[in-house]
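Paired with chain B in one complex and with chain C in the other, chain A is shared by the two complexes that follow.
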Partner chain A sequence: MKAASSRAAGLWLALLVSLLVVVPLVCGRAAVTSFFTQAVIISLLAMSYNMLMGQTGMLSFGHAVYSGLGAYCTIHFLNRFTADGLGVGIFLLPLVGAAAGAFFGLVLGFVSTRRSGIAFAMITLGISEMLVHLSLMMPGWSGGESGITTDRMLYEPILGFDLGSDLQAYYYILAWALAAVALQFAVTRTPLGSLANAVRDNPERVMFIGFNPQKIRLFVMVLSGMFAGIGGSLTAVSYEIVTSETLGLGQSGMLLIAAYLGGAGFFLGPVFGAFVYVLFLSVVASLTHAWLLYFGLLFVLVVLFSPAGLLPMLKAVPGYGPRQRLRAAVAALMAAAAVQFIERLYAYLEGRAAGSAPALADAAPAMAAALAVFLVLAVALRRTAGSGRQPAAGAREAA
Partner chain B sequence: MTQPILSLRQVQKSFGPTRIISDVTLDVQPGECVALIGPNGAGKSTLFNMVSGRFPPSGGDILLRGESLLALTPFEINRKGLSRSFQITNIFHRMTVYENVRASVLWSLGYRYSLVRFIARLKDARERAEQVMEEVGLQKRRDVPAGQLSYAEQRSLEIAMTVAGDPAVVLLDEPTAGMSRSESEAAVELIRRIARGRTLMMVEHDMSVVFGLADRIAVLAGGVLIACGAPDEVRRNAQVKEAYLGEKYAGGE
Partner chain C sequence: MSTLIITSLNALSFGLLLFLLSAGLTLIFSMMGVLNFAHAGFYMLGAYAAYTLGLHAGFFPALVLAPLAVGALGMLVERFGLRKVHAYGHVAELLFTFGLAFIIEELVQLVWGKAPVGYPVPQALSGAAFTVMGSPFPLYRLFVMAVSVGVLLLLYLTITRTRTGLIIQAALTHPRMVEALGHNVPRVFMTVFGVGVALAALAGAVGAPMSVTEPAMAHAIGPIVFVVIVLGGIGSLKGAFIASLLLGFAQNFAILYDLSPYQLALDAFGPGAAGMLDFELFRITIAQFAPLLPFVVMVLVLLVRPQGLCGRPGSGA
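Right after this comes the complex of A and B.
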C-alpha cells in the first residue's frame, strides 16, 4: 500500500513538472509566463517556509527576511559585476542568495531559535520589523521604498541564451526551483530531517533521546534560510528590482498563508497553496476588486473546516459518498450566493465612492435574494450534518 | 563492594518555600532493579526529573559512575547512558512507530545531526530499530503513526524509545499505569527482558509488579526516604506499612 501511494505521488509529481515545463512554452502568452514565473517562485519560498512550520513546528512571522536579503545581495552582486561580467557565472547567481540566506539564517537564527513556540514567533516578528526599518534607514543600500533595480540580460548571449525574454527567465527560474525542491526533499530523508519531525511533534522528548532540540531548530533555520535565499535570487532575476517591502511582514504572512492553505503537513502542500494564491492575485484580481476579500474568506474557511489544508481536502473528494457529494454541491452554491452578495455590495459601495450615487433600492433586492439563498442553503447543510459525518470518518480510516 | 552506578547524595528539592524532597541518599548498584514506591505526592516523579536532568536539585548531588550530573542537560545525561521513560506517554505522535524508534537509536550509533546521508540507508540504525521493535512486540505496527496506537502499545513504544540507545541505566516512570491485568503482566515480562544487563530504577504503584521485579524497594513518603531494602524487609517495616502499604492494602488493591 505504501509503495502504491508513493507511486501515485510520483505520477502526480511527473504530471506537475511536465505541466510546468510545457504550458508556458505552448501558450506563449506573456500573462501565462508571468503567472507561472510568480507561482514557481512563491512555491519555492513557501516550501522553504514549510521546512520551519510543517516539518519542524516553528511558526515564523519573519521568513521574508531571508528571501528579501537574498534578493538584495543578488542584485548588488549583479550590479557590481554585471551580467556580461559574470558570463557563464550567471547560471550560478542564485548561489549568492543561498549564501546570504544561510548566513542570515545562522546569525538571526542564533537568537530566535533559543526559544520555541510563541516566544520564537515573537522574536521573528521583531527581527522582521527591525530589518525593514533598518533598510529604510540605509537608502543607499536598500533603495528605500522605491528599491534598487538591475539588468539581468547578457548582451553577449551564451549559446543563444541571454535571459532577455521572460520565457528564458522562466526556464532559468524553473530549473533552479526544481533543483532546490529536490534538495529539500532529500533533506527530509536525512537523520536531521527525521529529527526535525521529532522536534515538531515533541521537542521535550527529543532531549531524552540524546539530541538538543535548539540545535536542530538552528540547523533547520539555516537550511530554510538558504532555500529562501535562492527564492530571493530568483525574484531578483525575474523582476530586476527589490524594495524594502520584500523584507516585511506582508511578504512573510503571504508565505505562511500559502503553506498553510495548501497543507503544511504535505511536502508539496505549499506548492498547491502558492498556485491558489497566485491564481487569486492574477486571475481573480483581474475579474473583481474584491479578490483579497475572497482570498481571506477562503483562508478562514480552510482553517475552520479543513485545518490540514486544501490538498488533503481534495484528496478526500474521490472517496465521498452520494450524501457528501450533495453537501459539497450545496456548499458550492452557498459560495456562489456569497459571491453574488459581495459583488453587488462592492459595486454599490464603489459607485457611491465614485460619486455616481446609485440608489440602494436598485441593489437591495438582488443582495437580499442572494443572502436569503445563502441562509436557506446554510440551514439545509446544517440539518444534514449529523448523519453525513459518520461515513466520512469511517471512509478516511479505511483509506 | 563495587562502586554504585547511580548515586543520590542528600538530594533536596524545594519549589519556593515548599520542600518536596528532603535529603534523599540512595546508591544503586550495577545490574540492580530498584523500585521507588510511595503515596501520591511523595516526590517520586520529582526525583526522576532531577536524575534525568529535567530540572536541577536545590541541594545535594547526583552521580552517574562517580561523575556529577548536576550541570548537565537532559541530552547530555542521555548520552552518558542514562535514559528515562515518562509517566504520561511522551512520543512523536505524527511519526510512525518505526520512525520513533529509529530517531531514538541515532545518537547511540553516532549519527548526530547528519545531513549528508539518507536515513533509510543506515543499515545499523534500521537493524537496531527493528530489533528493539521486536523486543517490545511492536514490529507488526511498524508503519502506524504513533498517535494512532492503543494506550498499551504507546506504553510499549515509550519503553522502546527509552532503551533504543542501549542505555546502561534505565528509569521507568510508572510503566504499567492505566493498564489492564493482562497488559500489565505482558509489561512485566517486557521490563524483565530489557532489565537484562542493565540497571533499572522504576516508579510503580502496582505492588504485584514491584514485588515481582525489584531486587530492592525504596519507599518515599513526604519527600523523605523512609525505608530501603529487600522486598521482604520493606514489607515487614512498620513505618512503611503505616505510610504506604497499609493505606494501599486498606484501599482494597
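Right after this comes the complex of A and C.
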C-alpha cells in the first residue's frame, strides 16, 4: 500500500517537473515564462514555510523576513561584485541568500522559538514589523519604499549563458528551486524530520524521550530560514529589485495562505497552493479588481470546510454519492451568485468613486436578486445537511 | 516641566486607548482560547462605521451605534464561522480570523475607497481642556481618557459584581458544569465575542479622530496590540493594562529625544571616537526609533521572561 502510494506520488512529481521544464520552453510567451517563474519561486518559499507550519506545527507570521533579508543580502553582494566579477560564481549566488536566511533564522529564532503556539505566532509578527520599520529608517541600506535594484546580467556569457533573457533566468531559478526542494525532502527523511513531526504532535512526549523541543524548533527555523533565503535570492535574480515591503506581513501572509490552501499536511501541498495564488495574481487579477477579496474568501472557505487544504479535494472522497454531488452543485451556484453580487457592487462603487452618475436603481435589482438566490441556496444547503455536520454545542467543551 | 506633564498625559491617553483595544482581545482569548487576528480589523470597522453613522446621526449617537453594529457583526461571525472552526483547534481559529482580517481590509477599501476619509474631532470637543504652565492639553484626549476609563470600569463591575458576570466567569473555567446548570454556554461565548469586538469598535470610533481613518489603519495598530498582549502575558488583563501603559509612555517619551548613538559619541568623545559609530544604524535618533520601540521592548522582555510580564510560566499559549 505504502509502496504503491509513494510510486503514485513519484509519478505525479515526475509529471510536475516535466511540465515545469517543458511548458515555458514550448510556449515561448513572456507571460507564460513570468507566470512559471513566479509560481516556482512562491512554491519554494511556501514549501520552506511549510517546514515550520506543516511539519513542525509552528505558525509563523514573519517568514518573509528570511526571504526578504536573503534577497537584500544577495542584491548587496551582486552590486558590490557585479555579475561579471562573480564569473562562474553567479551560479552559486543563492548560497548568499541561504547563508543570510540561516543566520537570521538562528538570531531571530533564538527569541521566537522560546515560545510555541500562539505566542510564537505573535512574536514572529512583532519581529517582522520591527524589521520593516527598521529597514524604512535605513534607506541607505534598504532603499526604503522604492527599494534597491541590481543587474543580474553577465556581460561575458559562460557557455552561451548570460542570464539576459527571462527564459534563461527561469531555468536558473527552476534548477535551484528543484535542488532546494530535493534537499527539503531529504530533511524530512532524517531523524530531525521525524522529531519535528513529533514536536508538532506532542512536544511533551518529545521531552520524555530526552529531546528539547525548543532546540528542535530552533533547528527547523534555521533550516527553513535557509531555504527561504534561497528563495529570496531567486526573487532578487528574477526581479532585480527588493523593497522593504518584501519583509512585511503582506508577504508572510501570502506564504501562509499558499501553504495552507494547497494542504499543509502534504509535502507538495504548498506547490499547489502557490500555483493557485499565482493564478489569482495573474489571471483573476486581470479580470476583476476584487481578486484579493475572492482570494481571502477562498482561504476562509477552505479553513471552514476543507481544513486539510485543496489538494485532498482532487482525490475522490469515499462516500461521495449523488446527494453530495447535488450539494456541491448548489454550493457552486451560491459561489456564482456571490460573485455576481460582489461584481455588481464593485462596479457601482467604482462608478460612484469615478464621479459617473451613480445608478443605484440600475444595480440594485440584480444585486438583490443575487443576494436572494444566495440566501435561498444557503438555507437549502443547511436543511439538506446530513450527519456530516459538527454538533455545535459539544464542540466547545474541548476548550 | 510642562513638557513632561503634557507628554505623560498624552502617554496615558494613548495607553488607555491601547488597553481598551487589548482588553477585548484578552477577554475573548481568556474565555474562548481564540486569538482574534481580525481584532484590529474590527477596530477599523468601528472607525468607519462611526464616520458613516456620524454623517447622518451626529458624532455622539454614532459613538454608541457603531460599536453596537460592529459587535452584532462580531456575534454573527462567531455564530456562523468561529463556532464551526472551533472543532479543528486553535490554529484553525487563528487562521480563520486571519482570513477575516484580510477580507475586512478588502471590503473597507471596496466600500469606502483607498483614500483616507475625513473623520475629524467634533466641534464641541475641539480646543484645549486646560493648560499646564502655558502648554495646552487637547480636550479630545481628555474625552478619550474618560470614555476608556468609564467603559473599562463598567466592564470590570459587570464581570465581578453581576449575575451575568458570574456566569461568564464560571463558563471560563467550568463550561460543562455551567451548561449542566442550564445556561446556554455557546450563547455566552457568542456574547463575549460580540462584546470584545464592540470594545475594539469603540476604540476605533473614539480613537480614529486623533489619527487618520484609512484602510491601512488596522495594519498600523494590529501588531502593536498583539505586542501588548504577548508582553503582558497572553490572557492576563492586568498584564495587558501594564503593557499598554508601558508602551504608551515608551512611545510618547521617545519622541522627545532627538539623539542618536552617533551624536552622543560625537558630543562626548569627539569626531575620532564617533567615527567608529558612523553607520546608518547608529545615526537613527531615539525619536525616529519610537515606532520600533514596542517591538524592541517585547523582544527584550521575552528574553528575560518568556511568559510575559504577568503570564504564568509554562502556560502553553
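To be clear about the criterion, the second predicted complex is superposed on the first by the 381 of 399 C-alpha atoms of A that agree within 3 Å, B and C clash if a C-alpha of one lies under 4 Å from a C-alpha of the other, contacts with A are read in each partner's own complex, and residues count from 1 in each chain.
Quick note on the criterion: a contact is a pair of C-beta atoms (placed from the backbone, for glycine too) under 8 Å apart; a residue touches a chain by one contact, two chains touch by 3 or more.
All of these numbers come straight from a predicted model, not from anything done at the bench.
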Practice task
Determine, under the contact definition given at the top, whether A:P312 touches first (chain B), second (chain C), both, or neither.
Solution key: neither
Practice task
For A:N202, decide between first (touching chain B), second (touching chain C), both and neither.
Solution key: first
Handout entry: Superposed model, chain A: greater residue contact from chain B or chain C
Key = C
Practice task
Please work out whether A:L192 is in contact with chain B alone, chain C alone, both, or neither, and reply first, second, both or neither.
Solution key: first
Problem - First, second, both or neither for A:G351, with chain B first and chain C second - result: neither
Exercise for the section: Pick one for A:H133: touches chain B only (first), chain C only (second), both, or neither. Expected result: second
Practice task
Go through the superposed model and pick first if A:G210 touches only chain B, second if only chain C, both, or neither.
Solution key: first
Exercise for the section: Scan A:G144 for contacts with chain B and chain C and give back first, second, both or neither. Expected result: neither
Practice task
Under the touch definition given earlier, write down the residues of chain A that touch chain C in their complex.
Solution key: 57, 59, 111, 114-119, 121-123, 125-127, 129-130, 133-134, 137-138, 140-141, 249, 253, 256-257, 260, 290, 292-293, 296-297, 299-300, 303-304, 307, 345-346, 349, 353, 390, 392-393, 395-399
Problem - chain A residues within the chain B interface of the complex - result: 2, 186-187, 189-195, 197-198, 200-202, 204-212, 215-216, 219, 223, 265
Handout entry: Residues on chain B engaged by chain A in the complex (per definition of touch)
Key = 52, 73-75, 78-79, 83-84, 86, 90-95, 99-100, 102-104, 106-108, 111-120, 122, 143, 161-162, 164-165
Practice task
Spell out the part of chain C that touches chain A in their complex, as residue ranges.
Solution key: 32-33, 35, 81, 83-88, 90-92, 94-96, 98-100, 102-103, 106-107, 110-111, 113, 175-176, 179, 185-186, 189, 219, 223, 226-227, 229-230, 234, 280-281, 284, 288-289, 291-292, 294-296, 298-299, 302-303, 306, 308, 316-317
